[in-house]
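The data blocks that follow each hold one structure.
Here come two complexes built around chain A, the first alongside chain B, the second alongside chain C.
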Partner chain A sequence: MNVQAEHHDGVLVAKVEGRVDSSNSQDFERQLHEAFGDDAGAVVMDLGQLAYISSAGLRVVLLVAKTLGQRNVGISLCSLSGPVQSVFEISGFNRIIQIHENRTAALAAAGK
Partner chain B sequence: MSDRSSARAARAANPDYKILVVDDEPDLERLIRQRMRRHIRSGRYGFEFAGNGIEALEKLVELPDIDIVLSDINMPKMDGLTLLQQIPEVNSDIRSVIVSAYGDMENIRTAMNRGAFDFVTKPIDFADLQVTIDRTLRHLDEWRAALASRDKLVALQNELDVATKIQQSILPDTFPHVDGCEIFGCMEAARNVGGDFFDVIRLDRGCLGLAVADVSDKGVPAALFMMSSRTLLKGAAVGVGDPALVLAEVNDLLNETNDAAMFVTVFYGVYDPSTRVLTFSNGGHNPPLVVHADGSSEELELTGGIALGAVPHFEYGQASVQLQPGDLVVFFTDGVTEAINLANEEFGLETLQALFEDGEARSAREAAEMILQAVREFAGEAPQFDDLTCMTLRVADE
Partner chain C sequence: MSASLTLRVPNRIEAFAGVTEAVETLGREEDWAPDVAYAVVLALEELATNVVRHGGSEEGASEIEIKVVSTDTEARVEVRDGGKPFDPFRDAPEPDTEAVLEDRKIGGLGVHLVRVLMDEACYRREGGRNHVTMVKRRS
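Right, the complex of A and B next:
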């Protein structure tokens, strides 16, 4: 699992690769916190290269969304593969976190 | 005696570290007491003396709080090299420093091979002796700290074992006998304490509350969250009734104090054996599988829910399914369908469905055990990352 941060006109895009499960979810949380820092105006998580996410990984996404929400920073996800999409649908998290088909749509919705 | 000198005497009588000096040279005791007097008075070191190996062993038995043995090699009755071999049998926590003639590499090698921690040479350079003693004591302190933390780990491991037993003991191991249906459930935790649970709750009018749940993450925090989720669910199931309202109530209670953003996915259904209707609400959980007598199967619909604990004041949906005689409902956690083998392939829903395609009639227990067995065989040598939980409801044949 690896998180790479890129900036697109004030929107921070975090690209997540690999698998996230309970064995590396703490590392995932740490890497996301490092990537987001304190100054992002909006955050997009690009999950195009995320092969698998377990409930432990979902917890981290929820935690990050809550933390950013408290700072009024919008967060959305994009480019989910089929299996990851279905994890978000089954858990119901697609109801509380915006999911976009691709990065262009996510960046457009983030206002840039 | 003044207050100051009596306090000093008390410190010297109860030193931080005790060193046993073993030498047949009678002058050495006087010399050490003189050269080390400041450390003796300050209470850092205390010295004991023995004239040969035999006397040294007797002292070690008598005084179990000796930290270091400083021993000469050539002595009557028992020499220092023999003493080195005997010390661990009396006290394995002691470190030894050997005093040898300058250049006597052969004896020094032998002493080090027999477990001496360090050596000094004769004539004794007291500054060097002091450095050697302090280094040995530092090593001893670190060694003892390492032992203490290992003991703590062992104690923690024991507590975890107890937690596992408590957790296993709250899962149902006997299942209600109800006319017209049969129920079985089992769980295999991935780590010592898991985050899955299932429950069978007797309700009014012969109805049964059936729950299967999976807490985000594993380990002790997940287990504690699991325990409170399960208790809240049981209370709400008995008090509230409608599955959607049960989940809404538990969700609100879990959201009251949840800074860690933990959540639990829950499928909760109420089965009425008299009508064979299962009414259910899905809180973000893998939909159960309904297997028909002919071996075909389909997932129960999602009811627009979300994992419990994620957001407060959520309105859960609810749906019903009319079960037929011979139907089997398989409730499970994602540990089943997402189990992976060494090639990183998932067990998957299709494999689960394929297990039943033979259309063979199985009891609730046979079906659940067949599933867990199939997952174990599929995973092979791959480590189990997630708890495996499977509960089955078998509707009796007509």
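Right, the complex of A and C next:
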């Protein structure tokens, strides 16, 4: 698992690659906090290269969304596909976090 | 045609990387669809994690027995442990997937995912051990 941070006009994009499970979810949380820092105006998590996530990783996504929400930083997800998308939907995360089809759509919405 | 896999692993979170690898290899050999492989790996991870957290033994002190059987029609998963009686499908709290972000509880999602992703999931206590059987159909 790897988190890569990119900046696009004040929007921070965190690209998550690989697998997030109970054995590396703490590392996932640490890498996300490092990527987001304290000054991001809006955050997009690009999950296009995320091959697997279990409840341990969903817990981290929820924690991060809550923390950013308290700081009034918008967060959205993009590029989910296949079973990963199902897992987010079954968890009801599509009701509490904006999910966009691709990065372009997520950046357009975040920039507004 | 059928193939199976039996593993005994210590009740430690770190032990499951090997389980995931072995199950994915079986899935590739048996030509499972991606959603079948995902559901089986996730079900094993969530159940085994529950045993480690709620089984009542110190981490690494007991064993979890895992059996996966693949046939033309289904993938069947069995998880057995000698921990205290725990029926994940009855005793684990049901998460509120309708709650808004601020009210959403952290956790409780694992068993919910297993219930939805697997076609069958049942629990029995037998011979002083917990037995969980789960089935994912391949069609």
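Here, the second predicted complex is superposed on the first by the 111 of 112 C-alpha atoms of A that agree within 3 Å, B and C clash if a C-alpha of one lies under 4 Å from a C-alpha of the other, contacts with A are read in each partner's own complex, and residues count from 1 in each chain.
The criterion applied here is as follows: a residue touches a chain if its C-beta (ideal position, glycine included) is under 8 Å from a C-beta of that chain, and two chains touch if they have at least 3 such contacts.
What you see is a predicted model, and the numbers here were worked out from it, not measured in a lab.
Engineer: Touching A:I90 in the superposition: chain B (first), chain C (second), both, neither?
Structural biologist: A:I90: touches chain B and chain C.
Engineer: A:G37 in the overlay: touching chain B, chain C, both, or neither? Say first, second, both or neither.
Structural biologist: neither
Engineer: Quick check for you: in the superposed arrangement, does A:L62 touch first (chain B), second (chain C), both or neither?
Structural biologist: The answer is both, since A:L62 touches chain B and chain C.
Engineer: Looking at chain A, which of its residues have contacts with both chain B and chain C?
Structural biologist: In chain A, residues 21-23, 52, 54-56, 58-59, 62-63, 66, 90-92, 95-96 are touched by chain B and also by chain C.
Engineer: With touch defined as at the start, can you tell me which chain B residues reach chain A in the complex?
Structural biologist: Against chain A, the touching part of chain B is residues 195, 214-219, 260-263, 265, 283-287, 302, 304-307, 310-311, 334, 338, 385-386.
Engineer: Applying the document's contact rule, which stretches of chain C touch chain A when the two form their complex?
Structural biologist: 13-14, 16-17, 20, 34-35, 38-39, 41-42, 45-46, 49, 95, 97-102, 104, 106-107, 109-110, 112-113, 116-117
Engineer: For the complex, which residues does chain A have touching chain B?
Structural biologist: 21-23, 25, 52, 54-56, 58-59, 62-63, 66, 89-93, 95-96
Engineer: Give every residue of chain A touching chain C within the complex, in rising order.
Structural biologist: Touch residues, chain A against chain C: 21-23, 52, 54-56, 58-59, 62-63, 65-66, 69, 82-83, 86-87, 90-92, 95-97.
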